[in-house]
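Note that chain A is present in both complexes that follow, paired respectively with chain B and with chain C.
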Partner chain A sequence: MDRKRIANLLSSTTGLALTVGISFLIVVLLILVLSDEPGRAIYYFFIGPFTKAYYFGNLLNQAIALMFTGLGIAVAFKSSTFNLGGEGQAYSGAIVATVILLALPNMNGFIGGAAAIIAAVGMGAFLAGLSGFFRMRWGTDQLISSFLVSAAVILIINYLVTGPLDDPVNSMLTTARIGRQYQFLRIFKPSKLDISIFFAVAAAIGTYFFMQRTHWGYEMRMCGINREFSRYAGINVGKYLLVPMAISGGFHGLAGAVTIMGTHYRCLKGVTMGIGWNGIAVALIAKNNPIAVVPAALFFAYLEAGAKAAMLHSDVTFELAKIAQAVIFFLVTAQALYGLFRSRKKVGS
Partner chain B sequence: MAYLQMQGITKLYPTSGVLANDGVDLAVDENEIHAVIGENGAGKSTLMKLLYGLEHPDGGEITFRGETVVIKDPFAANRLGIGMVHQHFKLVSDFTVAENVVLGSEPRKRGLFIDRQTAVKDVGVVIEEHGFSVDPKRRIKDLTVGQMQQVEIVKMLYRNAELLILDEPTSVLTEQEIERLFVTLRNLLERGKTIILITHKLEEVMQMSHRVTVMRGGKVVAVRNTSDVDKRELSRLMVGKDILLEVNREQKTFGDPILELRDITIRCRGQGRPLLDTINLQVRSGELVGIAGVGGNGLAEIEDVIGGLRHASSGQIFLHGEDVTALGPEDLREVGLAYVPADRLHRGASLPSSVRENCIVTKHHDFLKAGVLQRRNTREFTEELIDHFSIDAAEGMPVGNLSGGNIQKMILARELAADTDFILFSEPTWGLDIASSQFVYERMLELRARGAGVLLISSNLDEILGLADTILVMYRGRVVGRLENTEAVTKEIIGEYMLGLRDDSEPVGAAAPSEVHRG
Partner chain C sequence: MSNTSFPIPMLHSTIRIMAPFLLAAIGGLFTELAGMLNIALEGLMLIGAFFSVVFAAATGSLFLGILLGIGASVAAAYVFGFISLNLRANIFITGLATNLFAEGLVMVLAFQIFGNKGVIRFQNLPKLPVLSVPAIQRIPVLGDVFVGHNVLVYVSWVMVVIAAIIIYKTAFGLRVRGTGSNPDAIEATGLSPRRYRMYAILISGFTCGLAGAILSLQMGAFVPGITAGRGWIALVAIYLGNKTPHGILIACIVFGFAESFSNYAQGAINVPADFILAFPYIITVVAMIAYSIVRHYRLKGSER
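Coming up: the complex of A and B.
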């Protein structure tokens, strides 16, 4: 049994390593074809993030939000509920936190900050919970409902940020800046890395414990694996169409709030864009294991940082950087090679 | 040489260890209706799956129209001219009749596009030629069950099937639809088709078939000309001789009723007759009640209703004197229900999860400290169950790695650990070997001796006869027989009830569905 488990682990990590390797190779080829100084571009793309403390710190900072959204997706997927509305939930968390903090300019940093975070979590949980509720009540498809709710919410927030909440003082499409007392402590200057990375890691460990050891986690996992069995055994399966979604949405809302309080200090138009979708990729790479979400998020942030460094230091254009990222993103998340690798092995044995 | 000859067909399902076909011979003549009958698990469906290429035999030979053939998959079967109409229709409900019929062999336009007009026209021709009455342009979801079955048959005819396999074709049809189907079958026969009819309904065999092959326990036990047999003989051939189970069942008096069903009825939209028709039953303390019946006659529905997984359309259920009609599994377990389901691989266990996670599922609330599952307690509990029931497993193993018998032992262990006064067993020994079955029987009798009420739903007559104090027999959703299990009760008698040859229940007659009085 143990040997089997090890073999499984090996085959899955081999598959992942293979996928990453191949996608890197494609990126290298792309750069070779499209860049006039391919050596430099490749160097900065892959090594760049580690060449300066500033880059490396920002890489870690980027990973924070991805850890939160990745955890949210992992919890939902592990329970066989589906949240595709991460973008909207994170964005709503960001705007709710910003509005509350702007409304409390003179409050104590901890109290006001806590209120903002709780409200952001609540907002995300509500939006995702809606999809859970719809499915519980009417059997609505969660993938579609969560996506649609999120798509609508994004437009509403865009309107708020560019309209009523726009700060006329600056020329950007953004709200005003939140008070100093609410800004997370930066721990690796001059980079933007702040203390919330510790929260994220703690959240990963906590989520793991929650899923593996607690009563709710156990019931959620059982529902995720076999709903018929769970229902038969007396687990309230309806509840667990909603609860994991709400938790998932809560994590996304939290990611939004942390983005504001730790990095941007104001809600720009589209400030959280990308972290919702990338959270899904992170969770997939992590195979929905909360602990594995941490390295998976770091990997994604590394790609992001590499693309930025390559753009700054070589002739790699924004488009090329994005394409290169997309190749890796696509291959890794599609897990196409995983499947291939497995079925090959089955045929072979 | 017969038109279709299957010789020495053997099929072993390695995961469950069930030898579903054991040296089966089947010979079907051209242009006949050949019935294959047998109880559930007799191996008839397996045999047909082998013929249609859905499964592959481990041994034996198939000869069709004088040539030895290897049927790789249903496409190969279609090419040979063999078509199958499944018991559960395989249709796309949002597609039209024509689209469903041509699916997989669509007429094309310019090699790329589906030629819908030709499809509608061609399908229309097939429908007209064979005297069907469905409109090729209608969507499947707007059809009745009988019409859907017609579409399935048309689908096979469109693929030029000469040999049609019909798997339990009447199980979902109303009386009128059955009549129509028979007309259709006769029609097809006139057109030179050959039909294999799989069924366990003797009436149909007598009415429709020329010859009949009887299967039992994976083997062919008889081949007869239909005109030479009567229903009673067929029923005897199907159920076989009494096998006395070696169980010790002492007589005793029964206590108060623990479970009671009053006029339980389940109606299903689009179906003429109710799935369950005013079922009344009582399980008393210390009593083992057996419900016998052939699959598809309401056994599964009774299981679901008592397990709380499906709600009755009308009627009431009482457990320990409490009205539990509206309760789900969660509350029922609280009131006192333990339940070993027939579907042990999906409902009874979660295969990817560990033995421990499976064992604690119904009582994990007992292992909590501030919401956290106490690992030591759950492990000790699981190890105790493994020990007590001599389950060949470790607590951390995925249940999917266990043998069928051990999975059932684990489910049994878990359900018995709930220590309830009522326990429901559905097909508890299906697919188990003799030793494991014996183990299950012993546990059931222990429960009975302890004064618990035990309800056993089973299509295995030997175990019903060997274990039950009271026997109920189901046929077409009704309780047609209610017998005290005395020496006088034999397998033949129960078999006759099961197959609809005897019926003690009052005729439902013209009376409107009776209003159920509540409270």
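Coming up: the complex of A and C.
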């Protein structure tokens, strides 16, 4: 038993190392082909985030939203429900929080902030819950419905941000700024890192206990392992098509609210872009373990911080991070890479 | 504008708009029949759109541009298939990866080659030839709706027929279908389900590449987000069309009409552009829910 566990751990770490190694290799190759100063670009891509406290703080800050979205996806996947609408849910959380905070310019910071966060969580939970409800009621494909709802919502929010809610004083495509009392405390100046990183880590620990130690968490995991069996065991299976989706959406809404209150203080057009998709990759790297979401999110934030530093200091563009992330996406579930040390169990194709 | 002339241009543009949907959905039908959920359609289309217009401008030849665009899309489909099938990765995650990779790759290349991540216009880009058949053109409504499109639109209709023949009349089609419905039987006859899955994925790469080529070549430019969710809508069209070529054709006519209608609505009343863009998604999700409701009650009825 012990040997098996060690072998499992070994194979999953080597698999992960291979995944990451291949993605780095592809980034290096791309830089060599595309850049006129490849040495500089490569240096800043990999080392850049650690060269200045400012970059490093921003890296940590970037990871916060990814922790929340990663947790949301981990809960959904662990329960065998599929949430592909994270992008729209996070964006909706951002806009709802912004609208509420703009509507309450003189409220007490804690009360107004709490109201905004609750509303953002509720909005995300509602949007994801819709797809859960459709599947529970009529068997509608959750994967596609959650994506389509989210895609429509993104466009409608774009309209709000650039239309009725646009701040005429500012030339950017953004709403007005939220009040000072709602802005989270910055803890590592001059970087944008704010206090919500502690909330994110606490949420990861809380989610772990929720999934492992509570009745709901147990039933959700059971449904994730085998829904048919759970039905015969007397678990209300329909409920667990809806509940994990709502929790997942709630986390995404929260990520959106935190992005506004901790980092941008205003809802720019596309302010949460990418944190939904990357949340999925984060959850996969973490193998849906809430605690492991924390380092996985840090790693993804590192890729973005590296690409940003490389863009600032050389001639490559930020989208290199997207390619590195996509390569990880490609390989993270590849059993062939993860089964190198799993000699006995043959995985069928 | 007289009352009678209004719907005809709308139907005319329906035919034009539905072509990329149709191609992507037909390719996706092969993967669906082979038992795979292929959400990479969107990304494959994007790659086809980018490379076909870039190569058409670079070589001055439409044919070469389309060919190389399709080639790039098929190559991407191969990578997608190789990782999903040979490295045994979750195909839904690798499908997402394909979409994200396509987005990243296109942006990086656009920036490094053209120094521009926005709209890329091409001078001296050859125009897609328009087919005109005077004999049919003289028929009142039919002629106005079906004639005067670029050749690729007609190619898309021909592809539906070819796909139907391949799927229902050839041994290859039977094997692809068998791979989805009963892979053990395929295996028992000494064939490899994995190989037929790969063929299906490559076919979807081919049709999506062509679908992308239509989008960019008819615009004469490359725009980020040019595919605008069409791959996803094509995926829904496969379900709504009950996984048959003729069903997909009907579903694509509906989606094409919805988009054409919303374009005209924008001209008639002042609707924000973002709402127009959101409209196809909303129609699609509503259609999908309606479909699942109908199926739900039909299944319930048959149980009794």
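In this section, the second predicted complex is superposed on the first by the 316 of 349 C-alpha atoms of A that agree within 3 Å, B and C clash if a C-alpha of one lies under 4 Å from a C-alpha of the other, contacts with A are read in each partner's own complex, and residues count from 1 in each chain.
Convention: a contact is a pair of C-beta atoms (placed from the backbone, for glycine too) under 8 Å apart; a residue touches a chain by one contact, two chains touch by 3 or more.
In this text, all values refer to a predicted model and were calculated from it rather than measured experimentally.
When both complexes are overlaid on chain A, the residue A:103 reaches neither chain B nor chain C.
Of the two partner chains, chain B is the only one that A:235 touches; chain C does not reach it. Of the two partners chain B and chain C, more chain A residues are in touch with C. Applying the stated contact rule after C-alpha superposition, one finds that A:34 touches chain C and leaves chain B untouched.
By the touch criterion defined above, A:222 reaches chain B but does not reach chain C. Judged by the document's definition of touching, no chain A residue lies at the interface with chain B and also at the interface with chain C.
Those residues of chain A lying in contact with chain B across their complex are 1, 213-216, 218-219, 221-222, 225-226, 228-236. Residues 30, 34, 82, 84, 134, 137-141, 143-145, 147-149, 151-152, 155-156, 158-159, 162-163, 277, 280, 284, 316-317, 319-323, 325-327, 329-337, 347, 349 of chain A are the ones touching chain C in the complex. Those residues of chain B that touch chain A in the shared complex are 307, 309, 328-330, 332-334, 339, 341, 346-353, 357, 361-362, 364-365, 368, 371-373, 375, 394, 396-397, 401. Chain C contributes residues 37, 39, 79, 83, 85-90, 92-94, 96-98, 100-101, 103-105, 107-108, 111-112, 117, 194, 229, 232, 235-236, 239, 272, 274-275, 277-278, 281-282, 284-285, 288-289, 292-293, 295-296 to its touches with chain A in the complex.
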